[in-house]
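What follows is a set of structures for review.
Okay, so chain A shows up in both of these, paired with chain B first and chain C after.
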Partner chain A sequence: MTTAEPTEAVTGVPFTLNGTELVAEEGELLIDACDRNGVHIPRFCYHNRMKPVGMCRMCLVEVDTGRGKALQPSCMLPVTPEMKVETESEATKKAQDGVLELLLANHPLDCPVCDKGGECPLQDNAYAFGPGETRFVEEKRHFKKPIPISDLVKLDRERCILCDRCTRFASDVAGDPLIHFIDRGSQTQVNTFPDHPFSSYFSGNTVQICPVGALTAEPYRFKARPWDLEAVESTATVDSTGARVVLQSSQNEIVRVLGVDSDAVNWSWLSDKERFSYEATAKGDRIEQPLVKNEETGMLEATRWNNAAKKVGAALRVEPDRIAAVGGARMPLEGQYAWAKLLKGVVGTDHVDAQLDDGLPGPLVLGLPRATINDACKPGGVVVTIGADLKEELPTLFLRLRHAVVEDGVKLIELTSTATHLSDFATVRFDVTPGSVGQFATAIAKQAGADLDFDVADESGLVEAQADKVAAAAALLDGSVPVTIIVGRGNLAESPRFTSDAVGIFRRLNDDFQFMPALRRGNINGALEMGLVPGFTPGGVQRESAQLDTWPDVPDFDGMDTKEIFRAAAEGRIDTLLLLAANPLQDFLDEDLVRRALANVKTVIAVDGISTETTDLADVVLPAALFGEVDGTFVNLEGRLSPLRAKVTPPSQARPDWMIPAELAIVLGVELGFTTIDELHSELSEVLPSFADIDWDTLGSSDDGPVLKLNRSWNIEFGKPAAAPPATSAFRLVATRKLWDQGTMVQESPSLASLPSEAAIHLNPDDIERHGFVGDSVTVRIGDQTHTIPLTSDVRVNPTTASIPVCLPGFDARTLITGRSTTAVEIRPNGTT
Partner chain B sequence: MGYLRGFAVTAKKIFEGVTTKQYEGGKGGKTDQKAPKPERLHGRHVLNKYEDGMEKCIGCELCAGVCPANCIYVRGAENPPSDPKSPGERFGYVYEINYLRCIHCDMCVEACPTEAITETKLFEFSFSNRSDAIYTKDELLVDDDGRPQQLPWEDWRDGEDQHTSGWMRATAPSGKASAQGTVAWSGELGYGVRAPEAAQNVRTPIDAAIEAVAVDTAKAEEKG
Partner chain C sequence: MSRLTPENVEVAKEIIARYPRPKSALIPLLHLAQEQDGYVADDAMEHLAELVGITPAEVLGTCSFYEMFKREPVGKYMINVCTNISCQLLGGEELLHHAEKTLGIRPGGTTDDGLFTLEDVECIAACTEAPCLQVNYRYKYKLDNADFDAMIEDLRTTNKDNIPPHGTLAEQRQHIPADKLAGIGSPEDTTTPEWFSKRLPVEEPKEENA
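Showing the complex of A and B:
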């Protein structure tokens, strides 16, 4: 260096930490500034994803702001200029000793029994900062040993140090303020309200953040000790948020899943489904061997892989037009690519669809410009939600969005089928009835200045009645602030056409609006990206313009979607039907159609890890390895790639998904071109431009994972939206989904299986009063069928609509869904017809 | 034909006498007596019970964690409230020690927070296959009278169960010399509260016996 460069202007707040001069960020808390500079201050109550409260006093440090030294809690103190901080002074140490001695005055020393022992912040801090000996000889405080505060969480109040972490999480982060401090003085305790269990979808997070062993999760209680756990980072696959997790195993069994603090995705939070559904892999009814139906007895019998593969190979040697495949959203990206290559590239069929007619049209999802979660949650922005209550479908995304709306001032416009758990915080919320969302979008867009060549078709006057809301929403969408539109399928009894119409209108309003597809099935975004959708090949490329050098072939016809596939199969136009980890008998809206389809297909081939009612009807069942058993890659709703890592071995003969099509290809006399997962990765990087720069080996290990650059060369033409259905005296049906349902992952996890509630029809209290419904149930008429269904009064339901969740025990709500563009049901007081 | 030489070795050995040395007087003989063993000798383990019959083991896995030979396998489980196996919430549901791996270092005994696992002085036990070498909880647990189970393949003599536990730790409580001679041991089934081990400068009868053997051996070596 020859000349001294002018020193860069120091931006930030200068302060002195243990004699070293440092610079903190503007408004940074002292505890964070110390962390960033490698000085650890012990703490219990402070959590970097929650607001500080200064409850535990463990982080007291000696601070001199010019008025002399004083002990101050560093978690409540923003750094101010020229602040002098001593974290190791005599006074600080004495304060730490005192705090720990007092905390341990009542904390039981049952560490060998306690599940937290070995990873306990209180234990660690007592060793590192504590006095070593106590002066207390008195009997400790006693409470009844663990009390269940929910089906999943137990609370041991003796161990609680009243740090306020769980209660803050419940009220501030999750919005389920169901646990609180009660009583006073030495009897202060955390507890639930009488008759209101802590039945939050996020209860497991309180166990993870509890700094002592006061909160324990039922599935992990006494299962293992922290020092004999092996861990690996992975990604939760139960929904498409792709929360980052760490899988912990003991004795080749996954025993615990913890959230990882990924700044871009889940901020360390998980829903209970993401946290506890690992049980399904270990304890579910696993398929361990290939099964082939015995022609004589009609029973599935275990066989060897090559026998099963031969049988599948024979079934795949028919006209490509007579082969169809449904499913694939559960698999890692590698399995999806291998299946796409086998089905579209080798066999040559385009009848492949990963969605079970319960999502949004594949071309729409693939063609939209994507927002990341951080884009959507950036302070100052506007978020529009179309579709479902995210708390029920994508709970971890809900937590991020809730924080953005409640804490960061993100404006929310709701065009959802029912009110959601965010409606109270929404700037504008529309009462949308089934089929009218396109008209609301038109009204908003027109008001915001979009050049549309059609008018609002508002015969029922619904839009007109909410004209002030339309004006408010239009003002927010004038293009001055970034807008993210989260679009999902909020109503299974409504055609997705209306949602795509609304999306199209927002596309035409402003090209810069970004979108986030709120499809709920695990790796559905990976499946769409890998071409498990009719008309497309991997990379979101349309079939006609596919350029895949390593593929032997591409289909020469446009395929059918799942609904059409089942119709064709029922009519005998399909010979071979592959079910790729799909359970249509449970998940497809028309169960009867699926039964007819399965009966009329010559060979049904099911590839799955868990035995379901659908695999029981298959002719060949191929066992697949599941979450935590295989390495792979996950694509979340942002298009972010994150790793899936194996921690335990698959049971018996189950294989990773990508190996199964590779083996079947050999039976067909073709090589898929990869024999290891690394070769598959190189092929992906070679064939698909969006994957060209992916470093597969370090994927997500040092950052949050790369977001795929999705540059679509094609545009969707959006036209005039379909007219809203006319007003009717009947109720329009909104079929929703709940987090706890009869789905495979929930039902095969013993701790979760009992959580789904009984199905009930939800009506707005005003409607109940107006129609004079009394009692616990109503009679619902659809076509010439009548059903008696339990009734629930629910303010979240829009007037003149009836909401019912599908896939719950009690009543199968699918029987009410007609398959028309919207469904109207007649509801009468119970006992009348 | 090289293998014939191998057989020849075997054949020769068949007719050589057994090299195993019996205790003085020979097994089953009139004077069949084991040599005296030091009080702190590390032998086969036992799992102790409290005086009320509850198991002391709480399944905390500290023994398994500290074991340098990785020979202990423990799984904890929640105590059934109607029929608790141990005081507290957790009990040792599975407890296994593999004696092909165990080096009798006694680290498990030191790690145990409830004095559940201790070692007897018994080392006269053998097995003819690997799975027999794994002692399960049923075998390790003391009898209903608090004494170690005398399993058929073990060579127990009268009075040998005296030193199954008591003051078996290598160090005094908290590592403090001043704690020497104080009872730091909860009551246990069959023994109640044991007297503390004698201080290190006090000679016990066993010390004398061991010294006598040592002197005899030294003399014999001098002669030989």
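Showing the complex of A and C:
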């Protein structure tokens, strides 16, 4: 007999559960109230992060609301006063028996060959609550099995018990209703439309929530049995949302990643990139040993660590002003701090930048008051998005925001470069063209009563034409409700200046507005916090005011950002260039500049875990351990500190990132001051006030992880926003990013590598008609070059803009980005010049 | 066969405008597609999905629920022979067997010339006239084998009852003039329908004890 242990008496609804008097919360579902009081009710269709449907009937319990006892599905029944519930009665047990017998009537019971066997709710519930025997002798339903419903997910319809979890997730949570019940009746099945696969960025979640073995993920099929898996909780590092995950390994190889229900962050959901890109560490082209370029042959050759370290040490013994480092967003916080201490505190250079000129200015991100995801998603609030479509850049954050806007009535104002997958639900959506976001912000702020000493620069009349939207947005931003501004880089072909101007205007409108930086790269917030940004030392402290007792030195000049570093390197002003897990040949917007820079630097040192086109050109390559191979911590876009934990051993001689600068310091004759990760943590707690109270041992093991107090004492001066240069052609370029791209993590994961689509230029259908573009492609002219690029008609693109994703196969869109502040492109029908 | 013709797209737009939400128009639109092609083609479902702003999977989910939406091509004449109890007692199954032999197909099959598709169905609510069948949902009552053969012969030649091809709903399409609309004309339209303003005032019910 399960004993119900009453929790803290809350003011709410009194009810009786198996003879014990308890109190439920107002509106709480019976199944949740039972869970909270330690009484488990078996269920298949109910999922605490989705709306209940009462499909499976497994959670029937005997309920008396004063009109006599009756069997009721506890997932559909809010607790009402004086309700008497029996979860162990004869009638309840008989109902559970009957439901399971019926659910198993068509289930193949192929458990011995099923991936779910051993962790299967149907199996568990059949053992715990089932009849043990079936009376059915009839033939079971037969379907072709398994069928692929996407590149990543396979469906076995015979095993399916029609609980509606995957289909509800697809339509209600992800907003991608590409799977549906088909042939409802005796042949009901989940399926896609022919040739319209379930190509959702979130398809892996359906596998995780499937209560039987009907949905299986291609990367994990037949890889392991659940009872052989070892597991550890960690944090996803592919983007800056920092979704909580559990890593599962078998025979020292990570074979599966599952989402953890963190109330503050990801609610158990993951994007497929977070879920499946672990493959890159296990199957990617790993760098396993230090490599040094043979001066005679020009080839990289394996060597020992101390040889490579000596060579790097020699390269670091030049004028600090001639040493620069780019990258570091992939690393755990510990590696970032150690590198910052070596480069800024020992070597003395400030030419350090973790962003590849594709984010937002470091001082801006460091200086803004932060919102948490729960702050942003709190019912009753307003969210303003500036930048990109979050579904492409931070998909798990997108799911939280989608829920907030669609289900909880959070009002959304979009100032994004293109329409997004939330635009249909936005309260106000502006047609923003490149360079105009600051002007829209000015117009809104003025209307909302901000005291600004400048006017809207609106020569094209774009803002004026949307005056009613400006009024609607201003009304929402009057300060009566909490406002969160999610700000990212929505257009790589536009200077980030325009975005920071807009942020500045909103800052001046109301001091209480909170911000969330939607920078994409993994631990970029940790990198900025640890001082991998010119002008700053760890803790978001400006270089001049740094007080770091444990540091030998701080730089005595203001450093350059990544773009300036590459320019200086190309001109021969840099002798030693460190690439900290960066692949600028792929990720930096001007590939040609990177090639010239790499050619003109004396020593290029690459620290990375996976071989890339950039590491191939380095003089020294140092192998780093990757995700799942090292312990550490991660700072997400809220400033939340969560643990990264090792589950498998790094390959061969690869080392944790923090050890590499510690060893290099010794070569330089200095001690960094820590020889274990615990000592490094002690130093962080000692020198950085925001880390003073961190309990490193228990970090995030029983909660969502602490949010660091990142609010700064200094203020950024915001002035009049820059006006976009006058349009010189019919279209301005919007360069975006897609989730599936040519980036290292996707390309090195065998299951994901083929998912990116071919690059195409996206135009609004009205523009296509107005300019008479016909056929599948257009001619784009930039300077004296012409390109023929596939054309896609896309209602999400704002008029007079041309949107194209970078980093996709086919056409390299980076070659189109030429303008300093915005980029104008000439587009002609195909075949004309 | 395929997407809706331009003329039918116009009809579809008119149908969609009758509903507050576009996707509410799905069933009439599926009828429209079936009327055009004799069945609901995959391409047509994709087209309807575009027209009402949902995914093709959702259209298929609705379409596949209804037995009378055919997703494979069927014959020009769909013959449904009842084999439920009243018809069975009065020779419905024998009639079905005869139909199989005459047409050379099993239930669910279509003759090679594409004229006939045969189905066995449950009660079609004409028990007093058993055994009975439907041709494109037009009733034929109390048939014996000779009647069946004569009916087939007639359909092959003169089609004296003028039965339209499978999928045809009505010869006259309903066009609802604005002043007869039962609701708003389109989701954007917030004006009160004309009939609403023209209706007679409703008398207040009198107090019982007054």
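Definition applied: the second predicted complex is superposed on the first by the 818 of 833 C-alpha atoms of A that agree within 3 Å, B and C clash if a C-alpha of one lies under 4 Å from a C-alpha of the other, contacts with A are read in each partner's own complex, and residues count from 1 in each chain.
Methods note: a contact is a pair of C-beta atoms (placed from the backbone, for glycine too) under 8 Å apart; a residue touches a chain by one contact, two chains touch by 3 or more.
All values reported here derive from a predicted model rather than from experimental measurement.
**Student:** Based on the superposed arrangement, let me know which partner A:718 touches: chain B (first), chain C (second), both, or neither?
**Tutor:** A:718 sits against neither chain B nor chain C.
**Student:** By the touch definition at the top of the document, which applies to A:557: first (chain B), second (chain C), both, or neither?
**Tutor:** neither
**Student:** Between chain B and chain C, whom does A:110 touch in the aligned arrangement: first, second, both, or neither?
**Tutor:** Only chain B is touched by A:110; chain C is not.
**Student:** In the overlay, answer first, second, both or neither for which of chain B and chain C A:227 touches.
**Tutor:** First partner only, chain B.
**Student:** Taking the superposition on A as described, I'd like to know which of chain B and chain C A:145 touches: first, second, both or neither.
**Tutor:** It touches chain B, and chain C stays clear.
**Student:** For A:183, select first, second, both or neither according to whether it touches chain B, chain C, the two together, or no partner.
**Tutor:** In the superposition, A:183 touches chain C alone.
**Student:** Should A:696 be classified as contacting the first partner (chain B), the second (chain C), both, or neither?
**Tutor:** Touch status of A:696: no partner.
**Student:** Show which residues of chain A both chain B and chain C reach, each in its own complex.
**Tutor:** None.
**Student:** Flag every residue of chain A that touches chain B in the complex, lowest number first.
**Tutor:** Against chain B, the touching part of chain A is residues 110-113, 117, 145-146, 221-225, 227-228.
**Student:** Flag every residue of chain B that touches chain A in the complex, lowest number first.
**Tutor:** 58-62, 64-65, 76-78, 88-90, 113-114
**Student:** Under the touch definition given earlier, write down the residues of chain C that touch chain A in their complex.
**Tutor:** 42, 45-46, 54-61, 64-65
**Student:** Help me check something: in the complex, which residues belonging to chain A touch chain C?
**Tutor:** For chain A paired with chain C, touching residues are 176-185, 191-194, 196.
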